[in-house]
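Structure incoming, see below.
Order of writing sets the chain letters: A, B, C, D and E. Residues in each chain are counted from 1.
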């Protein structure tokens, strides 16, 4: 089953060829039917191009995860998609209206075309089942024709891809370090060679050094396998470094949506600027921050916040 | 068949003896924990009917006689009797049995000391070193003759459970299961095989389940309370009930201040006031469903021992209605005065008594509760205290109580002598703190002791000679009233009269009809016939 | 391995402590076996000569000249050799014999009933928890009513209704006593028939607890992140419910199950009373009522060993079913 | 500047506190989080418990002496005796009222004692750690395997008979009933002990007992309450069970002893339902009420359960809200 | 003014697995001095022992060996009962460090009362209000609320106020902002900086974020596996790291200025270097072997 791993696709986003969309979100609205209702995603429209890394930034509670889950229709009550559309443009040409899929179709679609990596790998992996069983689960469900041997090999292959020794397959999640667990999650997401991978804060819980290693891995795999990534985090500097385009969310709405370069150099929305200023630059000018000088004498809110 | 499963065939009598929980195999008639055997598998020499003044009925013995002094007892044995293993029964077996009991202190539950010799094959002689008329019923009626050829080989006969009992009796063991065991008719019984072919004893969990099983027709004979006793015939079609007054329910008092008893009940006036304040009619109705009967303050059974009830008693039977006037006079005569709240006081102390009763003995609890209400009217405060059985019997034995509710029991022959000897003799009591057995009231009266000693030397049949002593005992008891008589408790049994005929009736009380009475039950088994035969 | 060593060490200490308590508790009870026996005979047969007391004292060895400590040491020694002594209330039977005779009934009836109620509770709990918030959830409070009814009351009422009135089930006993004991069809079907109602009452009164526990764990488990992963993986609902939700949610119940297995013996007292069912519960009651120290100690030991053993088993098994515990600390 | 952070950085006094509450503010927390959310289940539960408690508390004022014996014997309910009489002519209603009070008393006593014991061993052990913890948890595990039945008799034996009653049985039930709860409390305490606010209290210089009582205990309250409720149910049921075996609170009147007397008086066989049924029904209703209250407590301890509980109710409401939200979205 | 001196601090943890025990050295011979008016940042990856140092300073944990001495303005050593008046700590998780059961007022009033800084209800309330206002919270609106009614940043402010309540002049802040929302982080850091300046506090700022360490502290200590591997003025350490571990850490910090760096080949971290056990001291301008020379030399 080696052809599951597509030959490295071109990287259209960075290149000059016109970008080909793989996922289109149009005017999506998601409401939590709580008391009072929370309108968590408001009129969001996004296009994810093939092979591209789309960063989704925003502070806690702005609706990033809600948006991501809505795309895969993972929401259960009380969340409800009230309007909008999510269309998946398959590699083979067909378009899928995700919100209209029936249960069984949706189940088949999930992971095969679009996989997800969640924030806490410890809790995202079932603690009482071995890693191998959790990997093979996907194959037995989606590729019922595969033999045991083939399944075993496929699992070993994806683990090798993410830099985990295949013999760790027999371990249980708690026996792996945080970084390894996250790699296992990524390996799992790669199993069916999906076209889109949504990563919801995949590295926030990790050590800076480990985080770096994983990000590098993602980039490498993307280059090799050509899937598109939606990368969700509140760490804007990270996105600026990593992604091709960035969408900045504020209270359910996308307030700025542009290439990483533009957002870094010429942020238009004041909120984007606030966000950018919340992260002092490591190597930049030290004086840019308020620690010293006259400004620092007062911590009037305006000044504290304005950067 | 009564319809339920477990009842067995139509010729099987299913008996429930009140056993709660599984049976543990034990057919050793001398073991306190044996489950059956006396009378049915093993036989005594004679059968004594405790329910009625009958002549002893021959079983293995045919005749017996005492010498005049009561120191020598000669018994003639039945001929042609065989053990169920085929070996013949001889005088040697009797001698062996008697000697075994005498020589094994753990089996000798009556303190038998006689010397037994075989005069010839059919005669044995037992000699005592003091007059022992009163031991006769015990020896003749409660010593189970066992086969020498088998028992002589047993090292510790007291500790053997006799898994395969061999006896001379009308029945033999057919099958044992912890949940039930079955006896079957002995075809070679000397009197001919009994008409009753099978007896099955079943294990249930107590009175409640006994009543349920009876209702379902699963048992044919049990002794114990059932709801609505008066209407057994209506409620359980085909069944009959019979109630025999046997044990005297009384409020035991720790009466003897000399032996360490404390409390107002050590004052005889108080005990008698309690006696007069009771409304026995109400007690009988509420606590005993009217199955109890009159009681004599001299503790001879008003029915069975009618002839022995002394005419020197103030009341031949206790008044069934309260006599508040008498009670008041008695108390006031003893220096008690009515205090506030209507309770008598003396020396600043209230006339308040605590009565101990076993938790779970509902009829007794009801009785003392009822009595408490009645005594309140007479100015006596009675507090009921329920105790676990263990604690209650501990307190009773050591005399650490003021009052307790219990009953007095009879001896091996239809004669009050045994009861007097058990409960009123100074030999069976002990100071408070040490265990009395069973003179729990700590009654001590030299005149009674003298009378008891004299009675031991007079033949049981010689009622004329015995009566003066009974008069003494009864009047002394009435005078002191260490056990405050309440009522004579009836023992009620229910039996299936549709399936079997020949049951005892009030008119023909040929045996005490309690299913757990041994050997009384065997006498009944011998009399029963499957209906329609 | 050291994990096991530690566990086993703990259980040994607990066993010793329990054994010691078992030794002292009965000895602190009022009364003594001889008086108990005497009184019982008086109550039943009517006549007991005062001389009998001496005989029974000798027979049952009521006068203990050994000091309490000596008794304790020889008790521990005997227990280690599996010798619990002679039962006073079933004299001269050995305690092991008495228990051996009754225990199988209890284990089969109450054990099976507990197992059934556990399995049923888990199954229902899984379904109710999976469909939380649906109408099924409103069934849950109803089951607590059953658990709040005194067990014996429920049993008595059911017995009166189903056995006495409707004659659907036999009233009393463990089998038709007219049958031969043995592994034949007739006997077994009779035993099953007799056991059904008692088992039913146990199941009815205990299933609610399992159901509720499992349902609550299911609800908690369902909101775990790995459940979301499982759904995102496109797994079938059934598989998620069984392999991801129920398997994880059942873990605490399994620990509870072990404990409840240990209480099979002591919990059987009431059942056996109500249904006159043969078994060790009645024996316990008999021992308590007759001051039968040896029997009491034997039964306590069975209970203690059962509880500890079941817990140990679960502790060890837990390592298998919940891999997290294997390498903890 | 995003308006919802106005307060965060506004100079003292200028922010109007309430308007600037963060979105989470409406979630319940603090002391209010310790109160169960109102639900029909809780309502029914409280209703049952209060009704039965009142029945037991003030009922005795209206009924006569339950021990009064009448010559009428067993009679079915009538105008004079609303629940009939027992075989000794005692008024069942009067007995029921007193028995309910007795049972409540035992339940309450056991609840208090068992909860106190489990708190003592669980919380202190869990907080102190080390040897104390090992010893305490070993002790509770041993207590868990000690059979309670003979303990009843033994402990009763130590209490002078004239002072014996519901207290004795309550002590026994408490002694044999605290261990399981202690284990749960210990686990919970262990997790609370590691919380930063406990460390913060220690840094602030609080004494250990104060840390336990003020910082840890309040957060265990829902758990303690649930355990209390549970041990009350268990106590009443166990007391009834012991009474059935004849080992109960013999000198005081409880629902258990009442059932025991009914059983011994062949109430069931005589079809005297008015005697046998009411005590069982009262126990069941009371236990059921407490269990329903416990549902609400469970929801505090494990908030995830609450979400599940709310689903259905909110779903009905959702229909109305959808309209409003979509309209506001369009605007 | 209080100075806090840490010398040769060692902490071993006993790990139990079954009956076997093993020792884990979480902190190895760490030494530094906190002086009024200066912030020292302690940086390092997860598990490097930062929190353990903080907890030992707060006396939540007993050092295995080494000394932590606080010296007050008069030059006297601060002994135990008064130690907590001088040294206080701010915890990482604002959601966990406030007891959900108690009001904001309670959290601040308790240390005030415990350390005898106020008496009576009214005075206490007033002092609480003052403290809240110092941390830029509207006292009237916040005082009676419970933690869950506050945002993360507000909670962390309450935690800071609590640390100041006993009059502490040494504040250990263990990752005070890493759990906060991005937009409120700077606010809290700036507040800390302001208080530090105004009260001349000595602050130990623990973080894994090199960027904020650089901007909010004067000196930086880099920890790796329980050891201090590099120390020096903030800019020197960040911009001119000498120890391989520091270099690795600096390279791992996201920096939009270096876009594209991720994709390009980067040197894999060397697993072991001969300098692992050495400390580079920018003050001294040389490598120091604390095992040989002790922390006195380094802390100079």
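Going forward, contacts are C-beta pairs under 8 Å (C-beta built on N, C-alpha and C of every residue); 3 or more make two chains touch, one makes a residue touch a chain.
In UniProt terms, the chains line up like this: A, E = ABC transporter ATP-binding protein; C, D = ABC transporter permease.
Quantities reported herein were computed from a predicted structural model and do not represent experimental measurements.
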Graph separation of chain A and chain E (steps between touching chains): 1
Separation of chain D (ABC transporter permease) from chain C (ABC transporter permease) in steps, with touching chains one step apart: 1
Leader among chain pairs (count of C-beta contacts): B-C
Chain at maximum distance from chain A, centres defined as averaged CA atoms: B
Euclidean distance of C-alpha centroids - chain D (ABC transporter permease) vs chain E, Å: 45
Chain B-chain E separation of Cα centroids, rounded to whole Å: 89
Interchain centroid distance [CA atoms averaged], chain B/chain C (ABC transporter permease), Å: 39
Chain centre separation in whole Å, for chain D (ABC transporter permease) relative to chain A (CA means): 47
Junction residues of chain E - those touching two or more other chains: 136, 183, 187
Multi-partner residues of chain B (at least 2 other chains): 212, 215, 388, 390-391
Where chain A touches two or more other chains, by residue: 77, 274, 301, 304-305
Chain D (ABC transporter permease) contact footprint on chain B (complex, rising order): 207-208, 211-212, 215, 225-228, 282, 285-287, 289, 354, 356, 359-360, 362, 365-366, 369-370, 373, 383-388, 390-391, 395
Contact footprint of chain E on chain A as seen in their complex: 59-60, 206-209, 211-212, 215-216, 219, 223, 234-238, 240-242, 260-261, 264, 274-275, 277-284, 286, 289-291, 296, 299, 301, 304-305, 307
Chain B residues within the chain C (ABC transporter permease) interface of the complex: 4-9, 12, 17-18, 20-22, 24-26, 31-33, 50, 105-111, 138, 142, 158-161, 177-180, 200, 202-206, 209, 212-213, 215-216, 218, 246-247, 388-391, 393-394, 397, 409-412, 418, 422, 427-428, 435, 437-438, 512, 514, 516-518
Interface residues, chain E side, partner chain D (ABC transporter permease) - complex: 55, 58-60, 84, 88-89, 91-93, 96-103, 110-111, 114-115, 132-133, 136-142, 146-151, 153-154, 159, 162, 165-166, 183-184, 187
List of chain C (ABC transporter permease) residues in touch with chain B within their complex: 29-32, 35-39, 41-42, 44-56, 58-59, 87, 89-93, 97-98, 101-102, 159, 163-164, 170-178, 181, 190, 272-276, 278, 282-283, 285-286, 289, 291
